[in-house]
Amino acid sequence: MDFLRPASWEEALAAKAEHPTAVPIAGGTDVMVEINFDHRRPEYLLDLNRIGDLGEWEVGEESVRLGASVPYTKIMENLRAELPGLALASHTVASPQIRNRGGVGGNLGTASPAGDAHPALLAAGAEVEVESVRGSRRIPIDAFYTGVKRNALAADELIRAVHVKKADGPQQFSKVGTRNAMVIAVCAFGLALHPGTRSVRTGIGSAAPTPVRARAAEEFLNAALEEGGFWDNGRIITPSVAKQFADLCSAACNPIDDVRGTASYRRHAVGVMARRTLTWTWESYRGARRTTEGAA
Amino acid sequence: MRVNFTVNGRPQEADDVWEGESLLYVLRERLGLPGSKNACEQGECGSCTVRLDGVPVCSCLVAAGQVEGREVVTVEGLADFAKQRAEGGCASGACGTSLQNAQEWQAQGTDSQTGEGTELSPIQQAFIDAGAVQCGFCTPGLLVAADEMLERNPNPTDADIREALSGNLCRCTGYEKIMDAVRLAAARQSEAV
Amino acid sequence: MASPSGTPTKITQGSQTKGGIGESTLRPDGTLKVTGEFAYSSDMWHEDMLWGQILRSTVAHAEIVSIDTSEALVMPGVYAVLTYDDLPTDVKNYGLEIQDTPVLAHGKVRHHGEPVALVAADHPETARRAAAKIKVDYRELPVITDEASATAPDALLVHENRDDHHAGHVPHPNIVHRQPIVRGDVAAARERADVIVTGEYTFGMQDQAFLGPESGLAVPEEDGGVHLYIATQWLHSDLRQIAPVLGLPEDKVRMTLSGVGGAFGGREDLSMQIHACLLALRTGKPVKIVYNRFESFFGHVHRHPAKLHYEHGATKDGKLTHLKCRIVLDGGAYASASPAVVGNASSLSVGPYVVEDVDIEAIALYTNNPPCGAMRGFGAVQACFAYEAQMDKLAAKLGMDPVEFRRLNAMEQGTLLPTGQPVDSPAPVAELLRRVKAMPMPPERQWESSEGADVRQLPGGLSNTTHGEGVVRGVGYAVGIKNVGFSEGFDDYSTAKVRMEVVAGEPVATVHTAMAEVGQGGVTVHAQIARTELGVTQVTIHPADTQVGSAGSTSASRQTYVTGGAVKNSCELVREKVLEIGRRKFGSYHPAWATAELLLEGGKVVTDGGEVLSDLADVLEGETVEVEAEWRHRPTEPFDLRTGQGNGHVQYSFAAHRAVVEVDTELGLVKVIELACAQDVGKALNPLSVLGQIQGGTTQGLGVAVMEEIVVDPKTAKVKNPSFTDYLIPTILDTPTIPVDVLELADEHAPYGLRGIGEAPTLSSTPAVLAAIRNATGLELNRTPVRPEHLTGTQLSEG
């Protein structure tokens, strides 16, 4: 095994081009466990810790450019307003110690269906900025996950940042685990209301081979909200609409039975989380509307 | 490979490090600092918690090569670290150590079996006084995590304490005496101010 | 701590000495443990040491066709590769009671993760790579995983040609041991019953999950022997099993206890002890072995999973009529402590209740599942889960309050156990239930705050699954009985060597035992006993090793009783000798030396009237008094193999719990809000340590109620979750406040009236939590741990 320590992003890209099998390591949450337990012996480890840029973020007009290694703790502490869904998801990642070191780049690189950031990124809308010596490109989050623990990266590419749309409405994230902290998701659900585009987006974790959106559920809800004039009148969402949305979210799952939970439970739990997060976000949206109207 | 970094204020060099070694292994097996514990080596127990540039991390999840040029505080250095903080020195661990301090630093070993006479940090003393130590294997990680929490949040609620320590498993105590210990340290800290 | 309502223990000697029994003195090893300097077995280091690695079977049941170590042997940095063929003597098996466990697999593997070969190399990574190069050719065999497959007419035998002492009386060679208990006339009693309640209960496989992984350092010695620095629960039991395999006399195998990172039963059996010694003797170099967490799950026995069939009857005025029960424990591939677990499960299957007519059977199976043996509570845990569920069902059927129903049937001093043995010490079962019920209830809806719901206080915690939706509170009660000490005629003794001398003008006592300090605080208590008995303040606890006689095991809640008893006894003998010296030296100066009752207090010899006769330092000047003596509790006897009758136990420990839970009934997530406990401890030698034991035991019971289970694939008998990622133990956010009410009713047969305490809280915690979840959900819940699937009707079709 060789340990590559690039001092700059350019050096990192050059190293990755020269050694496409090199495994990038930043927070170490996934890679070190695999090494400690003898599950993986990469030829090269590519340390990204010395590249300061990866730990920085910029809040832009439309989106936040989040460096791949910005620790979850910083997301929770600093980006709660801009990226509320991701901030909530960050808070459910493993332990404080791991949140201090792990970042979204690791979740994306591993592309485990259980990664906590995925549902939040899917729901918010995001693009993954990847780069190689050949150039830079942005992969829409919907096209990023290509299979179980597989993503759209080419062998010579590294994840540099994620561009996450700034919240234009309430967002929520829920995750089921059988412990009250430090637990890998049995399944997870992210929901974002986008009043600007009068749309909702979802993200489901650990209930299909990859993180997925519940597109049929989104379309149904978009239509139902539009039809009922909910965005304007701010009425409480009818229970039947919420139920239909939840059922469609369950139907979007393609889960397996494993030691963490049964397929049947996962489907059920995603439905419950879908209904609850819809209620929470919609209540929040109505509250914000009332406040705005009251002020106007 | 060779790795140079600072541990408890003292420059350290580890040679012939296998590239897959963790910071935890280097501390325990190469630098004679086995205080950080090897309970799970998968980031699920917190027993190996150290401060890396001031931030609590699982040292089992840090590749040895990643600590090149960085600063680590382990449980062995916690008493000194807390003392410096109390004296108004650098608290974060990221501000470097003066040459003089580095030279003065030494492991706080004692001859007696009980370690009597050792100077302890407030959180260490509180763990002993409150009965928070049984087998003690989780203790070093908990101490580093709890000390850092009290640095950030001197008056934590019970829920704050539980959240801050939720990455540290203990199998002996049922956590009640650990809660007592952190409350005790917080109370003593606020009395001292 | 509540004041005792019974007879307090009267203590005269040492009552004036600081730091004696009854005080919450602090741990002598506390400072070393908080500074990181306490040397655990995995912290050992030696110049030139090698690292040992174990190659384990990847399948559960197979013939070994061949093992090829040639590639591993030629790797640079590899010093030795050992298989069964390299074992030095004819003794190739070990075991606690039955020597059925191969040091290295021979011809066959019987469970997933069984040790097959050993490597010693200069770096752990070299050792791992070499182990990976050993080629083992397996021919797989069908797996035996439950009672049906174990006792089927054509079942393969897990162990052929059994000749152990249980082989003759078991109904099938795949049954390790069977213990029936028959008393009274169940058929007649059944006729008297107005209600009959039955249940099939399942208890999952729990792991001790001690945090310090199995580890140790074996150092070869010049005389051809070996010195092993090791974490264990019983040095002498290890020694007895290690030496014959090495072909060494016991005096050439020296053992020193290293720091032990928890045990809970999981270190009663050997793990890497023999392996490290074999590699050290072969290479002539010190060899260190440290399991990682993955390996640890394969490296020690677990708590027996169990199936329990129970039938109780009761009259309409709420009196139990009879019990019929059958308990099937899965012992896995090797016997370990299975026979004794069977004895406990059967003899305590009634619980702390009066039931005169019983028909009980407990068996342990041999299967290809992971071996199971000792874990805190030892057979009594599984039974308690079942009988307490039955008590709730009976109370519900009779329309009675569950606590009142239990109190109505609670045993008391003098009650006969189903084995015919009278309980001859206080049995405050009804009182413990009364106390735990009387404790104030935690407030409702604590999660509500002005800023909305605090998810940390809700089911799901930080995962943000509910803001109160679906959350229902439930309350449940349970009580249990655990035997203390080794039962069934075992010669359960301990040895203590106590020395008194003057050091720097001060009288100092040194206590030397082989007791394994595993975190429980035995070292604290021994020093307290010495202070009380010898009237000194300075006590040195000598490191535990095999240079002193056996202390027995740190298990069965027995060490404070038995090794504490041995320390007390040796101190008394030392005290007598000291007084003899005093009489010889100073008797002529004061008549009280001859006439008065003399005590040692505060470093002085005093009369019972308080008159000081001499400084201890003066008495001991130029003298060293040392006594090494064995001490035994009252003997027990085996249970009759046919009827189960016999005075098998020496003491009992009782605890009761009240659990308050909040269940997210839609998602099936549970938050335990509070787990209150009331326990009788006889005499709290160190109240702070007592609380620590009760709270720690309670939390392990909580773990197996809602999350802890080793999942074994029934098709392959392979372990599916050998890691802390998927074997979950409670975090501080899962663990509630645990208020404790301690009762101190002396057991006149025990030193200071004390009672073993470590296990009882683990028994009743689990069924109390289950009862509370049932109360919240209305579900029957006949298995533990409860998973979200069970609360939401989404389990597998076969589950």
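Worth a mention:
As written, the chains take the letters A, B and C, and residue 1 is the first residue of each chain.
As a working rule, a contact is a pair of C-beta atoms (placed from the backbone, for glycine too) under 8 Å apart; a residue touches a chain by one contact, two chains touch by 3 or more.
Bear in mind that the values here come from a model prediction, so they are computed numbers and not experimental data.
Among the pairs B-C and A-B, the greater number of C-beta contacts is found at B-C.
Of all chains shown, C has the CA centroid lying nearest to the centroid of every protein CA atom. Taking each chain's centre as the average of its CA atoms, subunit A and subunit C sit 43 Å apart. A straight line joining the Cα centres of subunit A and subunit B is 32 Å long. Looking at subunit A, one finds that residues 36-37, 180-182 touch two or more other chains. For subunit B, residues touching at least two other chains, in rising order: 18, 20, 41-42, 44, 163, 166-168. Listed for subunit C are residues 292, 456, 462, 723, 725, 731-733, each touching two or more other chains.
Contacts from subunit C toward subunit A in the complex involve residues 128, 132, 292, 294, 456, 459-467, 469-470, 666-669, 671, 706-707, 711, 720-721, 723, 725-726, 728, 730-734, 787-789, 792, 794-796, 799. The touching residues of subunit C, counted against subunit B in their complex, run 24, 26-40, 42-43, 45, 123, 125, 208-213, 259-264, 290, 292-293, 454, 456-457, 462, 518-521, 540-541, 543, 688-689, 691-692, 695-700, 723-725, 729, 731-733, 735, 737-738. Those residues of subunit B whose C-beta lies close enough to touch subunit C in the complex are 18, 20-21, 28-29, 32-42, 44-45, 47, 74-76, 78-79, 108-109, 113-116, 118, 120, 124-125, 127-129, 131, 133-140, 143, 159, 161-163, 165-179.
Every residue of subunit B that touches subunit A in the complex is listed here, in rising order: 1, 18-20, 22, 41-44, 46, 49, 52, 55-58, 60-63, 65-66, 68, 145, 163-164, 166-168. Here subunit A touches subunit C in the complex through residues 36-38, 88, 91-92, 172-184, 186, 257, 259-262, 264-265, 267-269, 272-273, 276, 279-280, going by the rule given at the top.
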